[in-house]
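Just so it is clear, A, B, C, D, E and F label the chains in written order, and each chain counts residues from 1 on its own.
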Amino acid sequence: MRISARNQIKGTVVEVRKGATTSHVRVDIGGGQIITSSITNEAVDDLGIKTGGKAIVVIKASDVMIAVD
Amino acid sequence: MRISARNQIKGTVVEVRKGATTSHVRVDIGGGQIITSSITNEAVDDLGIKTGGKAIVVIKASDVMIAVD
Amino acid sequence: MRISARNQIKGTVVEVRKGATTSHVRVDIGGGQIITSSITNEAVDDLGIKTGGKAIVVIKASDVMIAVD
Amino acid sequence: MRISARNQIKGTVVEVRKGATTSHVRVDIGGGQIITSSITNEAVDDLGIKTGGKAIVVIKASDVMIAVD
Amino acid sequence: MRISARNQIKGTVVEVRKGATTSHVRVDIGGGQIITSSITNEAVDDLGIKTGGKAIVVIKASDVMIAVD
Amino acid sequence: MRISARNQIKGTVVEVRKGATTSHVRVDIGGGQIITSSITNEAVDDLGIKTGGKAIVVIKASDVMIAVD
């Protein structure tokens, strides 16, 4: 499957923290960058997301903001 | 200003493409990764976003998905 | 690729309307339902999205609201 | 009230799973399709959303992605 | 229709700027505050949104960030 | 830091409700308006968000919908 989302970055899962319905997944994308994702517990189970596993971070361009100092 | 969005990555603007009301801004965050953002033309003008300038990519955790191969 | 987004619905593209930077794509998911998507022109070109083609509509659960009459 | 969101699909609530602050609501929109929504517990209580009730799934076009096989 | 989105603020439309596919609508919510919305041209036409008209700004809680100085 | 998000409204935090991973923060922006935000617990701790504190509500224009009666 190929998806329209413009941002797809490969990395390694470094943390999965499950809440009551929502999990926070942190992915190391290299270069010292960690991306934090908030997804359903169901998705974590369904995809078998676990610490140490390979993962792709996917972000739609319209959800990305730009800041300047 | 500090913001709640969990993902804030520094980079360099490599392209600004203006449409009628919406611009696409591409930011090189290092490690061979380019992030594409879709923001208003107004924001581009207001912040003075231009190719070669420094920028911070900002993404709320609830807008980040995870994929696996 | 499998993605965390909980909503993935197969359908057929019935319209692609390109703007200056943003396209509107409409997908018939059956049962008389049409889903409208707003994505970058670049994504339309990259994935070869065109009227009559098969497509999967993908929506993150946190982007879905519920209304009642 | 009429809303700008392009996607408004009628269905029946088939599951409400409450977490600590966030609920997952699943709505059957017919044709074998179930849509999953992640909303606040407060909204569930306020609108009286419950299994078996009628509901309308509402999604902004800019939150819809397109994938192809 | 009542919707799960936690933020619904009444105001008056002060500007509608149409692009090729996307419009920017600005709504005065009182107290000197203007809210900017980016929606489809189709929605603008469908709802008859025009300068001087009454409107309700609707925002899902998961799309709201918090910043501190 | 200045950010592209078009909507940035100053107010006072009137409630912080922490869940297992997700918090709901309510901000009084004046004129009798309360904005509800759903953010990570981590962000609440990191920014020291607490009842009575000053805060800025930040919303991307593409996440704002318009409704009419």
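Following the convention adopted for this analysis, a residue touches a chain if its C-beta (ideal position, glycine included) is under 8 Å from a C-beta of that chain, and two chains touch if they have at least 3 such contacts.
On a predicted model such as this, the values are computed, not experimentally measured, just so you know.
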Chains contacting each of chain B and chain E, listed by label: C, F
Contacts common to chain A and chain F (chain labels): B, D
Rotational angle, Cα trace of chain C fitted to chain E, multiple of 5°: 120
A-C or A-B, whichever has more C-beta pairs in contact: A-B
Chain centre separation (chain B, chain C; CA means) in Å: 23
Cα-centroid distance, chain A relative to chain E, in whole angstrom: 29
Mean-CA-position distance for chain F and chain E (Å): 17
Residues of chain C touching at least two other chains: 1-6, 19-20, 22, 24, 36-40, 42-43, 47, 49, 56, 58, 60-63, 65-69
Contact set on chain A toward chain F in their complex: 17-20, 22-24, 36, 38, 62-63, 65-69
Touching residues on chain A, where the partner in the complex is chain C: 1-6, 37-40, 42-44, 46-47, 49, 56, 58, 60-62
Of all residues in chain A, those that touch chain B in their complex: 3, 5-9, 13, 24-25, 27, 29-31, 33, 35-39, 43, 47-49, 53-69
Residues of chain F that touch chain A when the two form their complex: 1-5, 19-22, 40, 42, 60, 62
